[in-house]
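Structure incoming, see below.
Here the chain labels run A, B, C, D and E in written order, and each chain numbers its own residues starting at 1.
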Amino acid sequence: MTNTMLDFVIVSIALLAIGIYGISVKRNAIRMLFAVEMIVNAANLNLVAFGRFLPNSQGQTFALFSIAIAAAEVAVGLALIIVAYRMYKNVDIAEFRSLKG
Amino acid sequence: MADAVFLGLAVITIGSAIAALEVRSLIYGSIALMGTLGGIAGFFLLLDSPFVAMFQIAVYIGSIAVLILFTVMLVRRQLIFIKIEDKRRRYAGIGLMLSLMMGLGAIILSSGIKTVTTDEPPVDFRAIGADFLTYYWPALILMGFILAASVIGALTLARREDLTNDQHNA
Amino acid sequence: MADASMLSFLPDFAPTSAWLVWILPFIAALIIPAVGKATQRGTGWVAVGFALMSAISAATLLPGALEAHEVHDQVNWISTIGIKAGVLADPLAVIMANVVGWISFLIMVYSTGYMKGDKDITRFWFWMMFFIGSMQIIVLSDNLLMMFFGWEGVGLASYALISFWYRDKNKDHVGVQGRTVLGLQEYYAPTHAGMKAFIMTKVGDIMMLSGMFLIFAFAGTFGFRELMHDTAWASAMQAQGLLVPAAVLLFGGAIGKSAQFPLNEWLLEAMTGPTAVSALIHAATMVKAGVFLVARIGPLFFALAAAGFALDQFFEVIAWVGGITAILLATQGMVNPEIKKVLAYSTGSQIGYMMMAMGVAGLSHQYVDGYTAGFFHLISHAMFKASLFMAAGSLLHVVGSRFMTDMGGLRKHMKKTYAFMWAAGLGLMGAPFITTGFWSKDAIFAAVYESGNTWAMPLFSIAVLTAVITTFYTTRMIGMVFFGDKSKHIEHMEKEGHHVHEASLSMWVPYGILAVLTIGIGVIGLSAEHGIHELFTEYLGHTFHIETEHGAEEDNGLPSFLAGINPVALVASLAAFGIGISLGYVFYIGRFVDPVKFVNSNIFFYAIHKTLLNRWYLNAIVYWCFVVAPLWLARGIWRYFERYAIDLGLNVGLEKSVGWSAKVVQKAQTGVAQSYLYVFGAGILFVVLFLFL
Amino acid sequence: MIEITSTPIILIAILGTVGMILPVMSVVRKEKGSNSFYAAIAFGALIASIGYVAYEVVSGQLPPAAVFSADVLANDSFSGLFAIAMLIVAIITTAGSFNFMRGQAHPPVYYSLILLSTIGMVLVAYSTDLVMLFVAWELMSIPTYVLAGFMKKNPSSNEAALKYFLFGALSSAIIIYGISIVYGLTGSTNIGEVMTGLANLDPSMMPLALLAVGMFIAGFGFKMGLVPFHMWLPDTYEGAPPTITALLAAGTKKAGFAAALRVIIMGTIALQLDWTFALGVIAVMTMTVGNIAAIMQKNISRMLAYSSIGHAGYILIGLAVAPFTSLGIQGSLFHVLNHSVMKGAAFIAIAGIVTTIGITNIDKLKGLGRKMPITSLGLVISLLALAGVPPTAGFWSKLLLFGSALETGLPAWAGWLAIAGVLNSALSLAYYGWIIRKMYFEGETEKKIKEPKAIIGVMIFSIIFLVGIGVYPDPIIEFTKNAVPILDNALIISK
Amino acid sequence: MEYALLQAVFLPLLLSPIAYILGRKMGPNAATWFTFGLLLYCTFLVIQVSLSGSYEEHYVWTKLFGEFGFRLDGLAIPFAVIIYVLSTVLALYSKPYMLHKFHEMYEEHVHHSHSGSGQTTAMVESSEMNTYVNKQSGLYFALYLVFAMGMLGTVLATNLIEFYIFFEVMLIPGFFLVAFWGDGPRRRISLMFLFWTHVGAVVLLLGFLTIGLAVGSFDFTAISEAKIPQDVLMLSAIAIVLGLAVKMAAFIFHIWLPYVHGAAPTPISALLSPAMIGIGAYGVFRLIIEFLPNTYADMAIWLHIWGLMTMIYGGAMALMQDDVKRLLAYSSVSQMGYILFGIGSYSTLGLAGAEFMYVTHGLGKALLFMTAGVLIVQCGTRSMTKLGGLAGKMPITAVCSVIGALTIAGVPPTSGFMGEWTLFAGALDTAVKENAASGATLRYIAFGLGLVATVITMSYMLWMLKRVFFGKLPEHLSHVKEASWYMTAPMMVLAGFTIVVGIYPDLFFEDIIPYMKGVLGV
């Protein structure tokens, strides 16, 4: 391996930060979903990278679990967004603020 | 030291991640997201994990991103292009992002991780299968439940009651 | 405990009767309400009967006491602290018990007439019996704690009786309506007066309590005999410099109860009670309790002083308090228009004499002389003051006004009362040779004069001056009431058909008896005094091991019963009587000079008169300092501290601040998911960085 | 390998089977409005499960919670306790849903999701492997996203679900991130091995380990409702159907604690960090924010949501002092058990109120004491137990918690945790008292109305449970004592 | 007598539902007499057991927190006896007072709900009112029993946690009693009551936990034998004292008391004011003086001064009141100051006096509150400016009230004097000893000011009597009558009791003094 582990971790951290930026700034629900996926991917990258450098197979196994779970999550999330869209004709999360205080 | 492939992948991944969030059109955004996910898959390959990389492409790009794309298509046209953002929140978000990057980066740089390299051969991906079926089998069962639950749940949520009722009555 | 030599074949009943002396009145007090349910009239008979029985059982103690025998009987009381209750019937107590018992009995008889028809008569009898019983506890108890029971009982009874007419009708007030001194009205309702008496004496009581406790802290006992028995406590207290303070504090109780300066002001308002009550308070119970306390603890301190303890300051305090009170109250008595108040001033002043005598007794190291003089004066004062009060009561009863200006010229209508009042009044004035008052006062003069202390001359001059004033105001009183023309008030009454008449039998007989006794005993006064002197000499010598120096008496070469006479004192006393009565005659009996015009003739006299009438402004000052100012302070605290600082701060403020922070937290919960997520992200950073710190 | 008869597997089998069959049955039966039928099946499955666990607990077959096994699942008292707590919550929720779901769409899906989520909750406690834990965590979470938004016609239900989902997704990503670091440091996902790995960690790697701990706190803290990760919680609890709120507040929240106990505490004990101070600070912040915000609430669900934030703070006290005294975890476990019942019962009572009179505003609860006596009584007992008033179960667990913070030999700041906790619980009485006041002291003319039987049952159960334990807490205290994981001596910080 | 104390404590709790049912089905009379009988039996049990001196019962409870026990020793006997005696007589007293209150509330209620609607016939209304009154009285007596039981349990507890539980248990019925049948803004005030005393209680709990965990057991016996580390001691002692001070309404923390005692239904005020808040004093005795003697020695002087401030402050505030019940409430604050003062005196006599003060305050203040209740029922007001000259109208009440006032003012032969003199004698004793040892005069000053406070006490008491019973009778009170026997008989019992105790204090000193000696190691 020519790359050190640090390189991958730094990419992963950057992706994590971008994801958090996205989820805390964007108002479009779908874009927020993008951001979540970025964070999950950052974590996956970490897992696989660590697994490579240990070396150990569990990292990859976990990454697979994680990918599958992310899929399930996205499915549910999209369903919720669709329900919301049907109700409001809008996917702007900042508009959904009837619950507060 | 990082080689050119790595750098290229990094640029693609990070760049398309930013694009996915910042591009005006949601559709282009979705495509940019695919770029990010693909970049990650590239990293996986770089890390000698072809199986995960395949899975990443199959599940993420093949299904999730497409699912998102369809959802995007479902919503009204103007919503796809409207980009309403609070300026202040945006700057605060950028600040948070940068401080996270620097904070976490500093933590990582201050640790001993930067010296970690390996010359060992990569793990045989058949070990993954063994893991799944021996050690992780209860987790695998639960995984099944998760997928089932998400499918049942998503379907129940996404189903249009008025339409199904009509069908029943029909 | 008494070794009854004469009656040794009989079972020793002395302890029992000593107990009975104070228990009987309480039994009466207990049954009176029950009797009152059945018949209100019956209560009077019960009361008088029990008072008589109590007096008789006191009398049965006399023979033993005259032989200086002592009855001391104890029962367990608060056994856990080792405190016993007991009676101590030594000569002092027995004589006092008899004075109290018999005079009270007479007053009770008088009351049957005086209080006739009052609808709250049951309550009256209850409290009268309670009063007497409490006083007898004071007299007969063998320890300070039990004495304090009586002490407070007396205070309680006085409170109840002074405010007996609790409905606060105008006629029951004292003072002149509308008259203000230093901005405060000096016009007091019975309920107010009762409170005042109780609280003011309470001030004395707490001083007494502190003194008691100080002694208790060292001696571990309250018993008079136990204290005498082992005086190690006194040395310990002396070492800590606490002996004199303790003694003075103990005397503080006497100051309060006996209305001595500076706690004298309650006595005047105490006149709101029925006159029988005033008589009881002034002659037999309440105020005498203070003198008795001094007489009770006096020998103990004499003995200590004789044993070399430095107690002069204590005795000086007693003497001076007595002296100041004597002159202070006597001067006020000269100007007051209310008959009962004049008598009240006179009481305080006379008690001052007694205190002075007791005080100089300690100073002079001729303990017995002063002690006897004071105690003898107590007895004689009890008689004539009771008589005077009851007579005054008759006057009030008849005239229906408490002001002497509303009386006048009554000598034709109330001959008996007139005569008896003269007799008793002469006793108060100390008319030479024939009244007890003369002998007792003379003995005091002598004791003060002979004390040989630095303060002897000042005190002696005060005593003489007071005697002049006493004679003057007594003459004034008699003159205003019985001489001169009928007042407008009486004329008005007569117009309405009420005729002034002599008081009823049950009323005049008691004060008659006492007036006659004043003169009767006065005739043999010197030997009576001598008897008491002898008795007390033996008592002090026997019980307290105080050796009396007989130097002065033996030098005279007179018969032994004349030994106590001091020529200087005798002359002074005669002169005082002469001057006083002449002045009084000029103004009030002969009425050669109109006192009102006289006073108004001169700014100086006017100022003095006004000062005296305003009670030297003492009452007003006391009110300003101890009633108005504290109330004002309390109100300030209530308004600004309790209600604002504490209530608002703790109750409302706490509530508000919690509510405010709740609002802040709620505001932060905007409902916008992005904000939440932002906080979440920042939270991660925060937690991670926090872990690094 | 795991024995096929061990409790978690049996639970998976029972609940999973029933959970999967229910939707299938609905397709086959094609019937409408037979809510009770599905509810009864779910109920039966849950009763069977809890019966099985309880049988094992009572018969003493469960070993005291001990060293982590090499497998992905452990079967010990610790997990048994959580299993009982979660199953009680699930049962309460199901029972409460008998009435709540009447006339609503898709009951079979609803119950099936509850059962699946329950499996997740229970297995979180049983997991001894990070991957297993994470998968169970997701199995617990994903159905609840759906359930929170199950009232499709109700905008606030959807809004609640969306917020919940976004937070949930983010936090699970953070958890994976944390796990990835831990995995990278120790080379294993088995918690036991992770412990040893961390204990022998190269000092230069310590910052990474801290990063992982921070991520875990954030990730699990979201479910527990720790400040500052709590903000979704009141919105979601208010918007979600009250029965589901019961499940969330009483069940999934406790699973968060199970995970935290398994992962954060154990891991950090091994790390020998002075991390507990951070937890202490979070505990104080959490309870204070929760209680203060609760005071002014008008909506009863929302008030209880804040109150459950406050309670998370109390439970965290036990976690914060865990390295120094076993009493801390004992108290936390006890409080977890109690809180499941109290909060569950309280939300079910609200569900009952909502289904019968449709009110969640506290001001409109006037005279409820007369309208619905048993529901109100159950609610009052739950509230009093939440406030920690003796003799209710809540008192004892709070006692243990505050007591643990006052044990001798703790760092100096621990005493302040107890003080903060005590003052907070005094403060909390203000808003619990407010509800009681509204229900009993106001509105005197109301007539009694019919209360749903299933809810009466839940109320009676909770009253018996709370008061019974309040009077005689010893068995539970002993049980929790057993359930405290015994650590290797080498791992415990020397005092 | 096996299980005597268990019965005495738990019978009222277990039978309170019966009181409720009796009230509902058979009306207030049955409930009153049932409550009275039950409490009488329990009082009898307590007194009989206490005659034998020290007595204990133990039951198995929890392993961690120790056993469940009851102990009646020299300290607990006076408290227990007073609590149950008061509860018993006040049960009778409650009937007329609460009926009055129920009727008043019913009118209010009817007025409230029927305003505007058509007229209802008197027949219907009266039967409606009967059911209303029956219901209310059932509830009242049930709560009353639980309240009494909570107070007794607290003083009999042998375990810190048990103590705390009973401490809280008495709070809850107290809260409801105030909230349901109080005067004025009763709900707000009841919440205030709950909040303050609960805060006090939880602070107390902190102290308990610290001690218990340091010792390793919460049982009293274990604690009194254990050596507690010094650093824990002071902290826990301060927590305990603060917690109890809230209960005792010591200065600054007193603020809840005037509201609550002013607003509570009068029989409950009469229980709250002397019996309940005094339990704070019990706590100090048991927990600080007995278990932490060294700490007590350190903090005695502060308690002394705090007590002094409380007694003077309470007295001064009492002077300012117009509402009889508020006056009495402030007087309670002041009286608690006396107790605290005695506790701070650090001498056998002072401590004995302080405990005796509980007895006398219990009797005296209960009497006075009962008087206030009579005023409320008979005159319909409690503002002293509207009262006056009632002595002639209600002689028994007046006499009992005077006796109560004298008890509070510490005038012999009431029991108040016995408490006060021992208290002050003890205080002075310590002052002298300290002065001899170190020349300190602080305690002298405190002693002197303490005596000044007795003058203040007397002033406000006498002034109150003057304004209520003496002076001119206002027009509107000319038809006032004496209260019923239900009210006067209990008052007379208490009045008699205070005088008997005042004359023969060994009734209680017999138990108190040996205990205090033992505690101080004299």
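Everything that follows uses one rule, which is that contacts are C-beta pairs under 8 Å (C-beta built on N, C-alpha and C of every residue); 3 or more make two chains touch, one makes a residue touch a chain.
Note that the structure is a prediction, hence the values are computed from the model and not measured.
Shared contact partners of chain A and chain C, listed by label, are B, D. With every chain reduced to the mean of its CA atoms, the largest distance from chain D is reached by C. Of all the chains, the one whose CA centre sits at the greatest distance from that of chain A is C. Taking the mean of all protein C-alpha atoms as the reference point, the chain centroid lying nearest to it belongs to E. By number of C-beta pairs in contact, A-D leads over the other of D-E and A-D.
Mean C-alpha position of chain C lies 38 Å from that of chain E. In whole angstrom, the spacing between the mean C-alpha positions of chain A and chain B is 5. One finds 69 Å separating the Cα centroids of chain B and chain E. Put simply, the C-alpha centre of chain B and that of chain C have 102 angstrom between them. Multi-chain contact residues of chain A, defined as those touching 2 or more other chains: 5, 16, 19-20, 23-27, 33, 44, 49, 51, 53-54, 56, 58, 61, 65, 69, 72-73, 76, 79-81, 83, 93-94, 96-101. Contact of a single residue of chain D with at least two other chains is seen at positions 131, 135, 138, 142, 145-146, 149, 152, 162-163, 166, 170, 174, 207, 210-211, 234-235, 430. Interfaces, counted as pairs of touching chains, are A-B, A-C, A-D, B-C, B-D, C-D, C-E, D-E. Chain C meets chain B in the complex at residues 674-675, 678, 681-682, 684-685, 688-689, 692. Contacts from chain B toward chain D in the complex involve residues 104, 107-108, 110-113, 134-136, 138-139, 141-143, 145-146, 148-150, 152-154, 156-157, 161. Within the complex formed with chain B, the residues of chain A that make contact are 1-11, 13-22, 24-28, 30-31, 33-35, 37-38, 41, 44-45, 48-49, 51-58, 60-61, 63-65, 67-76, 78-83, 85-86, 89-92, 94.
Chain B meets chain C in the complex at residues 89, 92-93, 96, 99-100, 103-104, 107. Contact residues of chain D toward chain E in the complex are 327, 389-391, 395, 399-400, 402-403, 406-408, 415, 418-419, 422-423, 425-426, 429-430, 433-434, 437, 441, 444-445, 472-474, 477-478, 481.
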